[in-house]
Amino acid sequence: MTTSQVFGQWWRLRVRALIALGLLWCLLNNRLSLSEFALGVLFGAFVLWLTKGFRHERIWLEREWKAIFLLSDFLKQMVIANFQVARIVLSPKINLRPALFVLPLELDNDVAITALGNMITLTPGTLTIDVAPDRSVLFVHCIHTEDVDATRKGIKESFERPLKEVLRCSPKRVS
Amino acid sequence: MLTQAGFVALTLLALGILCSIYRFLVGPSMPDRILALDTITTLVMSQFIVLGILQSNRHYMEAALLIALLGFISTTVAAKFLLRGSVTE
Amino acid sequence: MEWVVSFFLLFGSFFAFIGALGLVRMPDFYTRMHTPTKATTLGSIGILLASTIYFTAHTGQLNILEPVIILFLFLTAPIGAHFLSKAAFRLGVKPLVQTLIEKLPPDSSPELAEQKSKDVSN
Amino acid sequence: MELQVAIVIGTLFATGIYLLMRRNTFSLLLGLSLLSHGINLFILASGRIRMNAVPVLDGGKVSLTGMKDFVATLPQQYADPLPQALILTAIVISFAVTAFAAVLVYRTYTYAKTESTNLEQNEPHSEPEGGEGAWKP
Amino acid sequence: MISLWFVIGLPFLASLISLILSVQVKRRNVYAFISAATFAASLIAALPSLKALTEGQIPQGVLPWVPSLGINLSLRMEGLGAMFTVLILVIGFLIAIYANGYLQADDPPARFFGALSLFGGSMVGVVLSDDLIALCIFWELTTISSFLLIGYWFHRERARYGAYQSLVVTALGGLALLAGVLMLGYASGSFEWSQILQVSEKVKKHHWFTPALLLILLGSFTKSAQFPFHFWLPNAMEAPTPVSAYLHSATMVKAGVFLLAKFHPLFHHHPLWFPLVGGVGLLTMLWASYVALHQRDMKALLAYSTVSQLGFMTALLGLGTEEGAAAAVLVLLTHAVFKAALFLSAGIVEHETHTRLFDELGGLAKEMPVTSTFAVIAAAASAGLPPLNGFLGKEFAFEAAHHFAEKTHSSLLLFLLTIASIFTASYSYRFAWEVFFKRPPQPYTRVHEPKEFLRLPVILLGSLCVLMGIAASWFVQPLFSIGASTVSEAVPKVKLWHGFGVPFFMSLVAIFGGALVMAARKLLTDLHLRLPQWNGDKSYDLLTKGLLNGAELLTNTLQSGSLRRYLWITVAFVIVGTASLLLQGGWFKFPAIQPVPPTTIVLSAVLVTAAILTAVFQTKRLLAVFSLSIVGVMVIAHFILLSAPDLALTQLVVEVATLLLFLAVLVFLPKEIADREPPAAKWQDAALALFVGIGVTTLLLSIFAFPFETVSRYYYATAKELAGGKNVVNVILVDYRGYDTLGEITVMGIAGLGIYSLIRLRRRLTETKSEKDEPVYIDLPPEHWTLGAQGKGSTPLIMTVARIVLVPGLLVGLYLFWRGHNAPGGGFIAGLVVAALIGLQYIAFGENRVRRAFHVNYRVLIALGWLSALLTGIGAFLLGFPFLTSGYRYWHLPILGEIEIPSAMFFDLGVLFVVAGVVLMVLSLLGESARLERARETAEIKADERAKAR
Amino acid sequence: MEAVMQHAPILPVLVPLTVTILMLLFFRDNLRAQRTLSIASSLLLLVFVTFLLVKVNAEDVIVYRLGNWQPPFGIVLMVDRLSVIMLYLCAITGLASLLFACGELDERREKTHFHPLFQLLIMGINGAFVTGDLFNLFVFYEILLSASYGLLALGNEPYQLRATVQYLVLNLVKSTLFLFGVAALYGVLGTVNMAHLSQRIAILDNNAQRILVDAAGFVLLTVFSIKAALVPLFFWMPDSYPAPAAAVGAMFAGMMTKVGVYSLARVFSLVFHGTESWAGNWVLPISAITMVGGVLGAVAQTNFRRLLSFHITSQVGYMVMGIGLFTPAGLGAAIFYIAHHILVKAGLFLIAGIAEKLSGEKDIREMGRLIRHPMTAGLFLIAGWSLAGVPPLSGFWAKLFVIKEGLQLHAYYAVLAALLTGLLTLFSMTKVWVMAFWGGEAKRLKQVPATMIGGAVFLVAFSVIIPIVAEPIWRFCEVAGKHLTDPELYIRAVLGSEDIMARARP
């Protein structure tokens, strides 16, 4: 590993994490100022040092713009999903056709799988029930669907593919 | 306007809590009841925030923050208990 | 400003209520899972937005704790739901009769397959 | 508000005591929890009920600075902070003791093989011979 | 007089020396010598005082003890006391010599002679004390030493019984005496007898005069074995015979008589004096002399005879005349000598023949002529035959009685005395006849005269019986004059021959009548045995048994082992007490109610519902726990409504931790039990609970109704400028009342340490019986509930979120800590947030994996937390301020700007450490336990399978 | 030195805590160091308390403002003669029990937090004795209680665990009542400082509020009565004290109920001085019932330590009788009684521990001729008879002082109860002697470590020493009692001359 690679990784992981934590600190304190940020970075470093034993893999975002696009798409879907749910709930007679189906996974890291799982849960009529221990499939419940394949395809198209591009993961650290 | 909206919001949230209590009472399964508990927690958190708006008072925000951060631990623990019969094993 | 805050308040509380109402009205556990996790979370988000707008306008300075709360909600709310439904599923809480249950692909784990066949046979 | 708080507190006391009187150890834990909720709210209420009166000093409130004009009453927008501080102490203590009680209940079940809260009279108190040997290695 | 202290101190010293020597020395001679020598030395020490006394001085000495209450160790040798002192020391000396011969090789000597000396000293104390409290002290000491000596052969059940009984009976009297003495003390203003006598007129008018008399009489009667307290004395005969002779005949039992004589001047005009003292004395004398006749055991005979003689003395004192009292003193003196001789010879007989039963004895006059001679002399003295000392005393007494009878124009007294004397004579004859002259039931082997040690005292005392009779003016008069001077102003001369008067006639009737009765003894005994038997022992047993049964009943009712009952009584106590105060009325006022949005009513209603649900679901435990969680959430909501965000935050994290904890514990318990409690019990409890609830509610409402003044304004006024914080609650917590918080984290840490011990002190599981009120466990399908449940306890989703949330979550925790002084938050909340987040790792990854990732020794963490809080507090010492004095300071740092750091923050940091440490310790320990349990179960299952496979 | 001594009032609390911290930080597995530290702590406490004694003799009431806050806003410590006596007793009992424990406990038990818990128990007890704040008293109650839970269960014997469950629940109910009482008082009077409460009650002019204060007072009376194990509220004690190690039992037996008696004396003499005549109406009758009820309980027992536990209740009755008389001499007698009883009862528990170790039995009927171990027999005779009030041992004087004052105040029924109880105590203690030391079968006796004997000797010696120096002790106690009857003394010392809240009144 070259120096620049090491530096690059350090930069990508630590500094970004510290910046994020500094920002979080500012948000928590409701004050965007350099001194607050600096304090946040300081505390963040402390917390990172404290929890170093818990980190197994290194994750980072790539193509941030795409991430933002994904997020906005997700939010939109989520609102739509809720209107659907509202309609179902408020309809005088609830007539559903739920389904339990399997979603084969192409994601290679747990963070991405988790993100997908959460998105599925928060969006149109679907709910992640389980993950296969070998992480090959998700088991999903759908509140109402006429066509399972279409639902599956929809999820893969709108969430799984972008996630795969956005989230990167390093190999597991050898401890 | 804001007061009325806040009032309506509080009422809706309170109704929501009543609905959840109904589910908690009726069940039938244990997960149903845990779900009801989880929902109540979230609704109560929402009530804090509405109350904070009505009182122009931000001191309840930390409570909401903690519910968002830790509320799911209760649900998770309960679920793990059902699933595995253990908690921190 | 008041209008915006009021809107978000009503929006949020409406969905929060819908979520809870779903808890009453939905026919089985798995369908009941959906409404609180989605609607109630969205409701909370709406109310949080109302709050951040209100305080920002009211105090004249940025109030940004709420996004953090929303962030945490996004992260944690579905996890609870997921784990709970998994538990229910493993415990054998039966889904609605008309639920379509898909066969597992052959290469998935034997554990899941076994579990599934049991469920289907019910 | 006063009436409903008083009723809530009364209920917590009543249910707490009822549960303490049950015959199995786990119910004790439930009862203790309810009772401690009840007493905490009672302490809070003893400082009178003030709504929208968070005891944090910030710009929005009339300043109460200075001892020169000290009076013993609090304006309506100030909740009494002392009971709150006392309750915090009480909560922590009752949490600690409840934790101990919970583990005790568990240990009583595994080692004494019982969940009964009753103690038979004159039951043998003797420990097994040679204390040390009785321990698991 | 200094020598008085030697008189009383030497025997005590001997006792102490015996105790110390007992560690090393085993030889009996040593102890006997110490005991006898100190008695002798004590007697010598008494001589100067006696001389002074005869010269008209009263020797005294005072040692202040608790002078501020007027209690002193003051000695004063009056006549009666002096006489007693001589008696005690002389007989004590002889007894010590005798006992050296009497005890066997395997009788531990130190205990015997130690107690004997202790008794001697105490008895001298009784008779010499002027301070009545001191008298009571010595009085009790004689009881104690008597107890130890009666139980000397404790391997005999009868000895233990006798000792115990004598202690109880005489201690009862001792306490009464103490109470009486206290009353006298208050009535007179002093505990010194000499002082009391000087103000006797005042005392007699005091309303405590009669109660004091009654109490003192009770003390006296029990000690002197007067009816109906006489029964302990025959049982005391289980003591070695020298003890019987010394304590239970010659001296200790006479303490009661001594007391009557001592108090005679004060009380004898009291209208109750004659009926009580005289009546009880006569009754005792009659009854005991009659009973003595029928005893099978020679020591029992002597015991009853002693009781009878004590009754005689009491009766004489009861006459209330100076002459009567003087007669009592004379009888006492003579009785001490002949009865001691009798006991000692009985001891010799027992020592030689190993029996005490008349049926097995006889004809010993032939086997041991010397002993027999003196024993028979003593018996003759006891029978009242002239010219022995018994006759001397009796004549004197009859004379006194005769005078009294003349004065009261009633000869009933004389008649009764004569009857009793007939019995006295007859049992004395019987003793002599059956032991020494009657044909023995079987011939003796190896029975002969005893050793000199044994014989010498008998010879001495027996001779004294004669000498006191024939040379009364030499051997009786000096001592008698001294002794009687206390009770009688003019001391009469003693003489053997009073002429042919009524007294002599009475003696004659007694001597011959006694012979007749003795002849008809068999007939009388048969008759006696046919009568219904009353026995003091039986009453005593019945009484103690009743006491024990009653006590047991009471205890089993109160301390029944039922927690429910305990709680009922406790709660009922509070209710009754407060209700009795509140029934005065006028306290209830309905408060003004602040209006609230109706939605808050929903919150309260849900809380109430959930609380009731918790109670209803208590046997379905999971449900109950979740109901409790709802209660918790609603309590949080109430805290928010009532303007207590800090409380809400705290309760919130506590709620999470509590649920974690309860479920972690429920892992090991049955998840559901059958409800087997009777519904009636539950309704009763519910009714009581409802009562409590209503009470609390009304009380609270009433408190609300009054205007409220509080110290709290001070905190608002000073929090910012003096303590440097804006969150007043937190400032109170870590500053104004930081000491409470130090206590609170101490409790927290203690609970942690306790839990650690509970879990880590693992024991082997042993099979124990199942109990009758054990709950019945419902058999739920095992895959649902047991540790062997199917399925993984985690998923990648959980693990990932747990991991992701950890870092920002901890930052939130830090934020809550950092801001705590100025906004809701603080060390406790932060600590629990930290704990919850790391707890989440435990949930997601399991205790084992987390332990590898997170190397923290939680016990050290707790200690560090305490240390941090402690050092913050102690830091103030350096500046000369009290513990926990806080300071705050603004620091200007590059980039970070101005940062305020109050010293209280380090205190709060301590709180954080302790809280996090304890919660995490508990979670990891419970996790570890569950893992071990599961491993054990798996091993068991495998073993089962292997067994099945074979 | 002077610099340290000015903080003497807080040191009895800080020393045990410091020692505990050291143990947990550095000597978690080093038993020898733990023992050394524990004993050093006890000795240090004796030294500091002696300083306090000197100081209190000069100043009567020492007030220590924690955090340098002006009372009643901060917490104050308030040390008077009574406190000093109690602190001494705690240090002495603690030292003896520790010595005993070193011989008695098996190593694993001792290592698993015996010493830390024991030190923290001492900390809690000491804290309760010096505080001048009602809520703070609650906190220290909780410290000593939670330490006692830990010590009670230490060992995980089935019986221990079950006894701890009951003990814990009853104590938690008591704690709840305590908080209830404090909160109700605060709701009416707006303060939790004891001296300030007293001052505020004195100027309370509203009758309804007065009744509410009385009711709160009754709740607190119940709390302290439970703590003091008065009849009929003593249930938590008889079954729990036989459960733990004898060293722990001794410390409990000596100190725990006395904390209740102390609190009763302290809180009711100071805070409720001006209210309802609680002493005559409640305390005195309860004391009579307690004496008799307790001793009747004892009479029925044959388990050595359970029997002794019932005696605690009955003996506490005497102390409470002294308090109920509420005169300087009555209170002085109560204090004298406390001093005597703590030492002798702890000593008896240690002796019971020795007897159990010697014979391997817990029932006096099974012990069998313990007189063969003359040291133990002698110790028991002294301690047992001292308890029963046999002169000239310390118990006699204690009873004498109480009864004397009772008689003077014409409290006849209480005096009668006291006398009767004395007799029954003698009956019961002698029964132990007759059954365990004289009676039974002579089985082989086991070895007992010297430290166990040493601990017992140390305590029993006081039964003999106290009578010798009865006069100075009594005078000290009487002054302590006199001060208790004078709340103004404390109010002046704590609050100064001016009432900050009274000033605010219109």
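In this document, chain identifiers A, B, C, D, E and F correspond to the written order of the chains, with residue numbering beginning at 1 in each.
Throughout what follows, a contact is a pair of C-beta atoms (placed from the backbone, for glycine too) under 8 Å apart; a residue touches a chain by one contact, two chains touch by 3 or more.
Just so it is clear, the model here is predicted, and its values are computed rather than measured.
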Contacts common to subunit A and subunit F (chain labels): E
Any chain in contact with subunit C as well as subunit F: E
Between B-C and D-E, the pair with more C-beta contacts: D-E
Furthest chain, CA centroid comparison against subunit C: E
Interchain centroid distance [CA atoms averaged], subunit A/subunit E, Å: 74
Distance between the centres, which are taken as Cα means, of subunit E and subunit C, whole angstrom: 69
CA centroid of subunit B to CA centroid of subunit F, Å: 47
Centroid spacing, where centroids are CA-atom means, of subunit B and subunit D in whole angstrom: 23
Subunit A, residues touching no fewer than two other chains: 24, 28, 114, 117-118, 128, 130, 133
Subunit F: positions in contact with at least two other chains: 108-109, 135, 139, 142, 146, 149-150, 153, 155-156, 158, 165-166, 169, 173, 180, 184, 186-187, 190, 239, 500-501, 504-505
Of all residues in subunit E, the ones touching two or more other chains: 556, 559, 561, 563, 567, 641, 645, 664, 666, 696, 700, 703-704, 708-712, 714-715, 736-737, 740, 743-744, 747, 750-751, 754, 758, 761-763, 768, 791-792, 795, 797-798, 801, 804-805, 808, 812, 823-824, 926
Chain pairs that touch, as defined at the top of this document: A-C, A-E, B-C, B-D, B-E, C-E, D-E, D-F, E-F
Residue ranges of subunit C touching subunit A (in the complex, touch as defined): 14-15, 18-19, 21-22, 25-28, 30-31, 33-35, 37-39, 41-42, 61-65, 67-68, 74-75, 77-79, 81-82, 85-86, 89, 95-96, 98-102, 104-105, 107-109, 111-112
Subunit A to subunit C touching residues, read off their complex: 24, 26-28, 30, 32, 78-79, 81-82, 85-86, 88-90, 94, 96-102, 104, 114, 117-119, 121-123, 125, 127-130, 132-134, 136-137, 139, 141, 143, 145, 148
Of all residues in subunit F, those that touch subunit D in their complex: 106-109, 135, 139, 142, 145-146, 149-150, 153, 155-159, 161-166, 168-169, 172-173, 175-176, 179-180, 182-184, 186-187, 190, 192, 239, 242-243, 303, 360-362, 500-501, 503-505
Subunit E residues within the subunit F interface of the complex: 19, 22, 64-69, 133, 136-137, 140-141, 144, 147, 151, 154-155, 157, 160, 163-164, 167-168, 171-172, 175-176, 178-179, 182-183, 186, 547-548, 550-552, 554-556, 558-559, 561, 563, 566-567, 569-570, 573-574, 577-578, 581-582, 584, 586-589, 696, 699-700, 702-704, 706, 708-712, 714-715, 735-740, 743-744, 746-747, 749-751, 753-754, 756-758, 760-763, 768, 859-860, 862-864, 866-867, 870, 873-874, 876-877, 880-886
Touching residues on subunit D, where the partner in the complex is subunit F: 20, 25, 28, 32, 35-36, 38-39, 42-43, 45-48, 70-73, 82-83, 86, 89-90, 93-94, 96-97, 100-101, 104-105, 107-108, 111-114, 117, 119, 122-127, 129, 131-132, 135
